[in-house]
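What follows are several structures.
Common to both upcoming complexes is subunit A, partnered first by subunit B, then by subunit C.
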Partner chain A sequence: MKAKTAQTGTVGQAIPRTEGSAKVTGRAEYVHNLQLPGMLYGKIHRSTIAHGRIRRVDTTAAQALEGVHRVVTGEDIRAAVSDPHYGPAFHDQPILAFEKVRYAGEPVAVVLATDPHVAEEAAARIVVEYEELPAVFDEVEAMTSKAVVHEVLKPAGTFPDLKHLQGRRNTNVALDYRLRRGDVEAAFKKADHVFEHTFRTQQVLHVPLEPFVTVVEPGESGVTIHTSSQSPSFVRIEIARLLGWPENRIRVKVPYLGGGFGAKLYIKLEALVTVLALITRRPVKIALTMEEQFYTITKHAATLRIKSGVTKDGRITARACEVWWNGGAYADIGPRVTQKSGFTAPGPYDIEHVHIDSYALYTNLPPAGALRGFGIPQLVWAYEGHTDMIARALKMDPVEFRRRNLLVNGRPQATGTVMKDAAIDTVLERAAARMEWGKPCDPGTGTIRRGRGIAIGFKASISPTTSVAIVNLYADGSCALYCGTVDMGQGSDTAMAQIVSEILGVPIGSVTVVHPDTDVTPYDMATLGSRSTYHMGHAVRLAAEDARDKLMALTREVGLSAETAPIRDVFRKKYGMQAGNIVGTGTFIPTYTPTDHDTGQSANVTPFWMIGATGAEVEVDTETGQVRVTRLVNVADAGTPINPRIVETQLSGAAIMQLGFTLSEKMEFSAGQCTNASLAAYRIPGMLDIPPGIENEAVESAERGGPFGAKGVGETGTFGVSPAIASAIEDAVGVRLMSLPITPEAVFRALRAKQGNPLKDN
Partner chain B sequence: MSVGSKTIRFTLNGEAVGAEVPPHWNLVELLQNRFGLYGARESCGQGLCGCCTALVDGRAVSGCLYLAALADGTRVETVEQPAAGGGLDAVQKAFIECGAFQCGFCTPGFVLMSRKLLDENPDPTEDDIRHYLSGNLCRCATYPEIIEAVKLAARLRKKRDATADKRR
Partner chain C sequence: MIPFELVEPRTLREAASLLASGDPAVRPLAGGTAVMLMMKMGVLRPARLVSLRAVERRCSEIREADGELRLGAMVTLSALERSPIVKNLAPVIVRASRTLSNVRVRNVATVGGHLAHADPHMDLPPVLIALGASVTTVDPEGGRTIPLETLYAGYLETALRSNELIAEVSVPVQGVRRAAYLKCTTRSADDWPALGVAVVLDTEGDAVREARIVVSAATDTPTRLSAAEEALRGARADEKILRRAGEAAAAAANVVGDEHGSAAYKRELLRVYLARAVKQALASKG
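Right after this comes the complex of A and B.
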């Protein structure tokens, strides 16, 4: 801990997480742990129908129950907030439904009581009369449906590419994104082969084990919002907008999150609980149940049509992609998914002629937003299934076919952005090598058949977004990092502390990471899209370097030797005692060129690319359709990891999560009602579901634009899992599944259909 | 105080305690509302995820389904139970060493069940570990690391026992 800081070598080390002790003793802080004196608990009454006008909300019986403090309806909210609609892309979601409900499960009223059981019982006694309206559930039907979810589109104004939608009526299309490069129609005519396939993905959800929870304390001049949010800065700014208040009257505090995965972004419970606290002048807590998570935010179901022109020697010359994203009743961040992921729909291939049409659709289902991959896993499911099917049709090895078409550094992606620091080829080769792709695979015998598959995907980062950090160096040489990144399990506290430790030359234990508190920690766009290591990592690096430079200047000023003087001596000499601070700040925003509205072209569409490939080996039981994944190999370009162990855990965790989305998870609906809203009926992977062989590798790579060569990794492990498994099943038993999830029933039906003996539909 | 509340007495993490509990409270509510212990936490609410695991008379129960009043006269242990001799026990150390958690919300349940597994079976195979812990869910899917942590904890416990034997 000398004034002249030596590099500690912390960065790049697999050091254990800094919050380990708190988590293994059950003492880590979550909003869930917070109880305040005089606090009221809120329980939500939800819509029982998918689409309808609210005729009457009868709260008499609820209000009459002993112990009920108050019942609040959508009309009460309107009386308190003149325009109670929120949302990151569209101001379309009401704090509580009024006039209309747009999905079954939408919040309609809230009961407040000091006893949550009383609130729950009273919420069940609320009676709402509806006039039902025709509803639309399918994303392709929503394009032309007479059932219209929103009378008029209301873009939030934050995103320039949504402005043209302002005031549109009689449409469910919340964004029509297009990309045009070359002339696909002419190229299809010239191609030796043209292939076209349609794929589908299902609606699933994040299922953080800590369900959404928000506590709001009203104060003299403002409010304090304690919330399980991945985006505290957004919450502050959006609540300020809703209330017409300045930012400094709203304080948002976020401790650890019990999982997020993209669910806990933007506004979830925060607007509702804030208004309830303002109406009652009491602290209010709403903690959702597991069931209620199914009515809050989900992952887009999608229909993906993909068509390719290919030469007889296996070069893809043209690809057209049409994607319909089922956004549910409120846009949330869906239009961003449509665009930001939409432009990678052709896959990591070097294709001269590309057309993409990507549509965000409103339907009468629970809203869909960001879920670990931001639309990419849906796209990879389609383009890697399609790519594999083409290779098989051409009787080419699927890996060799990919090699011939791979997008390499120096070549333009579909947007025109030239690829750099994207180890697509290395990732594919490492996955193939680990799978021993050159050697034949044991095909199995009898009713147990074996096969293998490989798939690769890529993703751009969310750009342009801002991160700000502050490093506060104390007079004894220890320090604090004020950082808006939310540690929801991805290990950001540890990684950010490693960066500070490295630059200031202090041990990791001397760095405290101050959790998001908008009165204390500076702005950060959000913890999403694998952006933190890169964006916040840079801001933290800059803040630490600024502190280091100021420390050096102070050392010179007080006439001490930078080589030998301990930090504490520098402060003592300056202030005569252990006193004072050195504050370093850092702000980072990468460069970005917006995409052209008509062509989707941009010279600089992302600061970095994430690349992930998965190899899968499966056993298929031909008598039952049961699929057992025996090996899962996940290979990624994550740049140069700040903490290799955390990177590996992220890759593995993401792949296993995607394994659930591949084999078992699906929200089931009947007339818009989710019929499996519990962990009993919606199965997430457990210990016995994970493959016996799971391997993860971050390839040798460096992101030159990243802090210490690093880049994001939180989503990368999800990319290739689903199509790799589908290809392995085709390899094993010769049937191709084109809809997720791949249940034993789906496999069995496909096997029977292949035998010319299809099962009857139920 | 709710109608029908009753006073119960039990041992909580080695200490004799008493509390007034309404008849409908579950064990999680008792631990949180009366003792400020948040390590057992409700998640699925159906006894399927293991986040609310606590030990009652040495038996693992789902705190979200176990009525608080039934704890009367029992010995209740939670993740907050201090390790013998203070500090962290072998399982907790191994979880940290192996990075066997991410968000940490499910971790208390896994720690308790891993301890119980090693108490019953000091040398579990990987298959034993998977089956014993199959009632606990981790949405971050830190399963491979948890398996490694349990194996490491088994080794640490053996080393500790060997050292204790030598001292005898």
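Right after this comes the complex of A and C.
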């Protein structure tokens, strides 16, 4: 720890996770463990119908139950907050439903009691009378349905590209995003072949093993919100807006999260629990059950139509994509998914003529938002399935067909932004090499048939977003990093500490990462979209460099040698004792050019691109339709990893999560009511479902704009999994599945249909 | 969930007496894995749970008596899985136990609770019925013996009265009989099955003398497939015979669809799994 810092070599090392030991020994801090004196527990009464007017909320029986402190309805909330609607894109979601309910499971009333079991029992005794309204569940039907979910559209005003929707009536379209490049219709006419396919994906859930939980403590002049959130800064700003308070009266604290995956973004329980605490003047806690997570936020089901014009030698000349996103009853961040992911709908291919229409739709289902990939896995499912089917129809090798059309650095993407530092070709080649694509694959025998498939996808980082960091160097040479990035299991504490350690030349153990506390840690847009390593990583680097420069200046000022003086001697010489601080700050926001409303064109649409390819080998049981994934190869461009081991586990974790979305997970609905809302009835992959061969590779790459050449990786492993498996199944048994999930029954039915003997239901 | 009373009687008979009122809000609690799920779903709202954890120690014993394997009702599924006695007397039970749900469930779930719950997706009922097991019950007056094959009355319904508890399961030893249990899960590996097929065969050379075949999960109750048993009796189980047995099973079984698969699909699975289970039994060393 000399004043003149030397590179420690920490960055680029597979440093063990700094919080690992606390977690496995049960010592890590979570909001679920928090109890405060006088705290009330809230339990939510939820709508039993998908769409209807609330005629009456009868709380008599609930209020009469011994131990009940208070029952709160939507009307009570409205009396406390003049406009109780929140949301990041639209101010459309009421803190508790009033006048109308828009999905089965929507919060309608809350019971508060000191005993959570009493609150739960009382919540079950609330009786709500509804006048049922026609409901719409399908995203394509929602385009034209008579059932309208919201009377009027209310964009939040945060995003300029939603302003044109202000005040629109009688529509379920929450965003109609379009991109136009060249002339697709003319190109289709000239093409040797035109292919068109429609794909579907299902509604699924994040399933963080720690369900949503918020505790709010009312204070003298403000509130403290302890919450399991990925976006503490957003929570503060949005609560301040709802209450009409300045930001400094709201303190948001976030410890570790037991998983987030995009579920715990924006406002979830925070507005409700804050208002309950203000009404009762008592600390209030609401901790959802695993079952209630199914009624909170989900991943978009989508219908995707994709059409391509291709020359006879295998060049894609034109592609038209129409995407309908099923956003559920409240917009959440769905309109951003529609746009920010929508513009990559043609895939990582160099196509002259592109036409995209991407629609965010309201329906009467639980809301959909961000989930590990922000819409990209749905798009890749369509464009890689489509691409593979074209290659097969042209009797071309699927990898070779992709090679001929790949988007390379220096060429414009569909938005017009010229690609840079995007190792699309390297990622494809490494995946193909690991799969030994050039060699034939064992086709299997008897009732077990083998096949393989490969798929590649890409994602633009969401832009423009801001991160701020502070490094506080103490007088003994140890330091703290104040950083709003939420470590929800992705390992950001370790990676950020590595950056500080590297720049200040101090051991990793001398760096404490102070968890988000909006009274202490500075602004960060949110922990989402694989943005933290790049954006916060930059801010942390700048803050550490600022601290280092100030330390150098102080060393010179006190007349010590930067080469030999320990840091503590510099402070001691300056202050006469172990005293004082050096505070370094860093702020980062990348450059950005907004997209044109009519054409979707932008010269600078993203700070960086994430690229992921997956190769899959499968065995298909031809008698039962069962699919066993025997090998999953995940290759990514993650820039130059700050911590290669964490990058590897992010890739495998993301791929396994997407494996569940591919083969088994699906929220089932009956008249809008989710019928499998539990871990017993909604199956995520267990250890026995993990493919025996799972390999992960971050290719040699460097993101010149990123800290130490790094870029984001949290979602990349999801991109290629589903279409690679579907292509491997086609390779094995000659049937193409175009809807997710690929259940054994779906494969069996496809096999029987191919044999001309479709399975009859009787 | 409203607060409920938990009582912990010291004998099974005392437990049966505590259940004698027939009040549906008073229920027995063994391992609790099914009870907890039903309480979380709100379909069971007990006023009192009668815990069986403190009943006689012999209810947790595995032993051999009178040429039979005897399993106490409070034996956990993991104890069953690890028991050398079970491995010796009825190895098919050990093989089936290893694939049953997951290790956390197996560590607490009990044999008696597993059988009395009467969810058709349970794995042991078809295996034990195929082996010819019976249960001995205790009630306030005494008790009785019920062949397991006749225990099940419908979905989540048994012939047990509300004050009657399973005390012990008697399983004829497997001996030279060849047996297999195959199940098909359609979502995750540790999901409840879409279909289970248990097969126990008396063989002579490579011919089947007698077959006992039971289907579960695809039907409302675990069901003997006598038509398929008949097709195998006295025959060599070649592809033709197996196909005939599968057809007979699919035609006779009252297959119902659920979240694991449609009835039409499960009927196809039954054909395939029946043949595979017979083949696996014949290939086993007994």
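To be clear about the criterion, the second predicted complex is superposed on the first by the 760 of 762 C-alpha atoms of A that agree within 3 Å, B and C clash if a C-alpha of one lies under 4 Å from a C-alpha of the other, contacts with A are read in each partner's own complex, and residues count from 1 in each chain.
Everything that follows uses one rule, which is that a residue touches a chain if its C-beta (ideal position, glycine included) is under 8 Å from a C-beta of that chain, and two chains touch if they have at least 3 such contacts.
Every value quoted in this text rests on a predicted model; they were computed, and no experiment measured them.
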Exercise for the section: Going by the touch definition up top, name the partner, subunit B or subunit C, that contacts more of subunit A. Expected result: B
Exercise for the section: Mind working out whether A:P685 is in touch with subunit B, subunit C, both or neither, as first, second, both or neither? Expected result: both
Exercise for the section: Based on the superposed arrangement, let me know which partner A:E19 touches: subunit B (first), subunit C (second), both, or neither? Expected result: first
Exercise for the section: Look at A:L36 in the shared chain and tell me whether it touches subunit B only, subunit C only, both, or neither; answer first, second, both or neither. Expected result: neither
Exercise for the section: Go through the superposed model and pick first if A:P211 touches only subunit B, second if only subunit C, both, or neither. Expected result: first
Practice task
Return first, second, both or neither, reflecting whether A:V514 touches subunit B, subunit C, both chains, or no partner chain.
Solution key: neither
Practice task
State whether A:Y256 touches subunit B only (first), subunit C only (second), both chains, or neither.
Solution key: first
Practice task
Classify the contacts of A:E668 with the two partner chains as first (subunit B alone), second (subunit C alone), both, or neither.
Solution key: second
Practice task
Tell me which partner A:T289 touches in the superposition: subunit B (first), subunit C (second), both or neither.
Solution key: both
Practice task
Applying the touch criterion given at the start, work out whether A:H117 contacts subunit B, subunit C, both or neither, answering first, second, both or neither.
Solution key: both
Problem - On subunit A, positions contacted by subunit B and by subunit C - result: 117, 289, 291, 678, 680, 684-686, 688
Exercise for the section: Report the residues of subunit A in contact with subunit B in the complex, numbered from low to high. Expected result: 16-17, 19-28, 30, 32-33, 35, 115, 117, 206-211, 256-261, 289-291, 488-491, 645-646, 649, 652-657, 678-680, 684-688, 690, 694
Problem - Of subunit A, residues touching subunit C in the complex - result: 117-118, 120-121, 124, 289, 291, 623-624, 626, 660, 663-664, 668, 675-676, 678, 680-681, 683-686, 688-689, 743-745, 748-749, 759-762
Handout entry: List of subunit B residues in touch with subunit A within their complex
Key = 2, 24, 32-33, 37-41, 43-46, 48-49, 51, 78-80, 88, 91-92, 95-97, 99, 101-108, 111, 129-131, 133-147
Completion exercise
Within their complex, subunit C touches subunit A through residues 1-3, 37, 40-42, 102, 184, 186-191, 259, 261-265, 268-269, 272
